[in-house]
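Right after this note come the structures.
Paired with chain B in one complex and with chain C in the other, chain A is shared by the two complexes that follow.
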Partner chain A sequence: MIFAAILAGGSGSRMGNIEKPKQFLTLGSKPILIHTIEKFSIVNSFEKIIVLTPKNFLSHTKDLIKKYIEDSDNIVVIEGGNLRNDTIMNAIDYINDNFQIDDDSIIVSHDSVRPFVTYRIIEENIEFCKEYGACDTVIPATDTIVESNKDNKISAIPLRDNLYQGQTPQTFKINKLAKLYKNINDDDKNKLTDACKIFVLNNEDVYLVNGDVTNIKITYPYDLKVADAILKDQV
Partner chain B sequence: MINNVYRLKSPKLFDKVYTEIDINSDIIARPTYLSICKADQRYYQGERESEILDEKLPMALIHEGIGKIIKDNSYEFKPGDNVIFIPNNPTDSDEYISSNYLKSSKFKGSSEDGFTSDLISFKKDRILKLPDNFNLETSAFLELVSVAIHGINKFKKIAHNKKDVLGVWGDGNMGFIVSLLLKNIFPDSKIIVFGKHFENLNRFSFVDEVYKINEIPENLAIDHGFECVGSAASQKAINQIINLSNPEATISLFGVSEYPVSINTRLILEKGLIFFGISRSEREDFIEVINLLNAKPEIISYLNNLITEVIEVRSLKDLTNAFEKDYKNSFGKTVLKWMI
Partner chain C sequence: MIFAAILAGGSGSRMGNIEKPKQFLTLGSKPILIHTIEKFSIVNSFEKIIVLTPKNFLSHTKDLIKKYIEDSDNIVVIEGGNLRNDTIMNAIDYINDNFQIDDDSIIVSHDSVRPFVTYRIIEENIEFCKEYGACDTVIPATDTIVESNKDNKISAIPLRDNLYQGQTPQTFKINKLAKLYKNINDDDKNKLTDACKIFVLNNEDVYLVNGDVTNIKITYPYDLKVADAILKDQV
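Showing the complex of A and B:
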């Protein structure tokens, strides 16, 4: 079985003074979250699309889906967690409570604020995960990345050819992800900004799917301006 | 829903843009194999008049292609079904005029965006399921075969019954397809192909005779002619057809020319010749192609030989390279495996 988890748990603290979490801001004619859910709703292989949202926005999220998405039978809205990986684990708990999954069952996790994801990227995530067990969507780094461990000084400049910028979806075999997560101590859990790191910390392979430079994450007010501009340009 | 569309912005320059497609359309499909047509090349190379380029670009190119069903709100297909796209998109109907020639009809890659996009929405009658045994790469250019069928059907309706010798001018893709279909549909007729390039003519192993246009035997005459040359060369071809045609022959014009063509009207009048043009096909022509290829799979094997290159397209750079490579080929079809 294949599931999608749309991670809309963020509170939008980096979005300046805007009170609404960024996934509910309007892009073009619809909330960002709806654009993102639409991309997943046309993919036939999903048993369920699980939208994880802050507790205070559960009803609002359900209302939006009802309003904008005609065929929403396979979409469910549940509460997200405090941290990104708590949110993914909430999705896995929901899956285990409601479905009989096996070791080949897959979860495709995606940021709700990346509405420009393409069908090709989602499809390749599913294909790569079926074959390799875990995959991450990336694009080659274009800027030089500088590492600094202390004192505002450069400690290393890693070779750019080996560096990629992580995007989403990130896709995993569900049982394996849950098992590996349990292996990690609480200290490391708190430092996890990325679900793929659960695999990396356990010395497990994660394969790369080619992302797209326009699969941007709408994090800052500037990103929303960019997203609005590229959409308005043609619509 | 946000959709990525890859448009030709100006000659030789593709650009990615975003449009919205209705998630509740009858059908949402994803292109899988596309094929470059001469018409696409004329836009890409900037060979159309500048007023036309200004009017039409930016526009996504390509009107020959197949894809798979992603979402079907019409419940006539299954997700994953391989389907062929019909590029003509009627907005009106007419009692007398076929919708592929109505001015109000839209056409992919000409009056609206072509197939180079992440997803495409269709009305349910604008796609047809491909039989499971069809080669997908070859199916990418069945639109061209449907135009040939459309022309041959028109010929059947208009031409008199003496069809002993049928002459096809042009040793390119269209000449190949038209002569291949003529040989199958009129097995008792002698099919003769006239071309300029001996290398190309050698590929027409299924016809009765081939001649270089400057080495035609004296006294050779045809009952009906098919012009598949196009461009500036079509003038010479059409006048040669007029010269070699028996009285009351029909002459089917398939070739596109950007230039006004001067032809020998005196001889047309004297012989009572009938000219007609063919450029676009409709749903029934696609159905007929599928039925014909199902009944005669050997046609598919000949069509397979037309493919000169299958290029995987994962980026705009790949798309540009595909158009550049295609332009260098004097014969054959470039097929794009759409992976962008």
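Showing the complex of A and C:
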């Protein structure tokens, strides 16, 4: 069984003083979140597409899905957690409560604010995860990456050839992810901004799937302008 | 004395099958390179703005500057090198051949394909370099950065809080840069994709200047669409 988890838990503090979290902002003719859900809707593999939002946006999200998505039978909206990994664990709890999964069952987790994910990327995530147990979507780093630990000075410039910019989806065998997450202490849990790091900290392999430069994350107001340009180019 | 080096040496192989290097592509009403030169032209500090291009584009570049830049007396076009640092060293050779510099003389090096650099960023580069000897323009990394050494697997996910995406300008005391570059063996020289790394490899401090998300590098066709969106937003 394969599940999708659309992570729409963020409150969008980096977007400046706006009323709505960024996943609910309009891009073209509909909310960003709807664009994202649509990309998963056209993939037939999913037992359930689980959308995770802040508590006070649950009914709004359900209304939007009813309004924009024609066939929404396999979509469910539940509450997300405070941190990214809490949100993923909420999805896993929901799956365990409602389905009989086994060790080959897979969760494809994806940022709700990456509306330009492609069918090819989602399919490759599923394939790679089936084969390897975990995978991450990345593109080669185009910028030089600079490390600075303190004092506003450069401490290192790692070799760019080995560096990638992480995107999503990030895809995992569900039971393995849940088991590895339990191995991590609370301190480390709070520092985890990334689900793949659960595997890396446990010395487990995570394979790389080729993402796409257009698979951007809409974080800042500037990104919304870029997103509009990408959208116009696709229509 | 303060000099600018606009690095237009690249042949733009990542842009796909196009006739012209990317710095000569049109953005809005004029070539990208001209936008970039204009940003430096309005800063009064420069003794000379040195534009470095491939040999076969020298006269074309001179023609463009004549056509688009009203007051071009302090602009000179010379040949760049094969690698980024060769190009910077060509600029330094030119400076030494034509000016009497001292240990406080500064070179502000900048990618010709970053046309949205701001007056504020250039001024802060000059200030920080005067104070510290070298500085680099960066923004906090927004994407998770993933390291992979082999086998298409993740080898590490460094803590994002310490990571920055490098932009340009990169600004240096000229004599110090030239001296440190001589300390590096040829093997390491060929691996240097970044001028700041000359300082880092010599355990010399490089200070960070805040860049801007719009200070993008136009590398891929996709970036040109983003650039158009930024330009429209600024007009």
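One rule holds in what follows: the second predicted complex is superposed on the first by the 232 of 235 C-alpha atoms of A that agree within 3 Å, B and C clash if a C-alpha of one lies under 4 Å from a C-alpha of the other, contacts with A are read in each partner's own complex, and residues count from 1 in each chain.
Just so it is clear, a contact is a pair of C-beta atoms (placed from the backbone, for glycine too) under 8 Å apart; a residue touches a chain by one contact, two chains touch by 3 or more.
This structure is a prediction, so every number in the text was calculated from the model and none was measured.
Legend: residue contacts after superposition of the two complexes on their common chain; A:231 is shown touching chain B, with no touch to chain C.
Residue contacts after overlaying the shared chain place A:120 against chain B, while chain C stays out of touching range. In the superposition on chain A, contact of A:28 is made with chain B only, not with chain C. Once the two complexes are laid over each other on the shared chain, residue contacts for A:143 go to chain C alone; chain B is not touched. Shared-chain residue A:41: touches chain B; no touch with chain C. When the shared chain is aligned, chain C comes close enough to touch A:165, but chain B does not. After overlaying the two complexes on the shared chain, residue contacts for A:69 are found with chain B alone; chain C is out of touch. Looking at the superposed arrangement, the partner reaching more residues of chain A, out of chain B and chain C, is C.
Of the two partner chains placed around the shared chain by superposition, chain C is the only one that A:219 touches, whereas chain B remains out of contact.
The residues of chain A shared by its contacts with chain B and with chain C are 214, 230, 233. The residues of chain A lying in touch with chain B in their complex are 28-29, 35, 38-39, 41-44, 69-71, 115-116, 118-120, 210, 214, 230-231, 233-235.
Against chain A, the residues of chain C that register as touching in their complex are 136, 138, 141-149, 152-160, 162-167, 191, 193-194, 196-197, 199-200, 205-208, 213-214, 217, 219-220, 222, 225-226, 228-230, 233.
Residues of chain B touching chain A in their complex: 1-2, 4-5, 16-20, 23-24, 28, 30, 70-71, 73, 79-80, 118-119, 314, 339-340.
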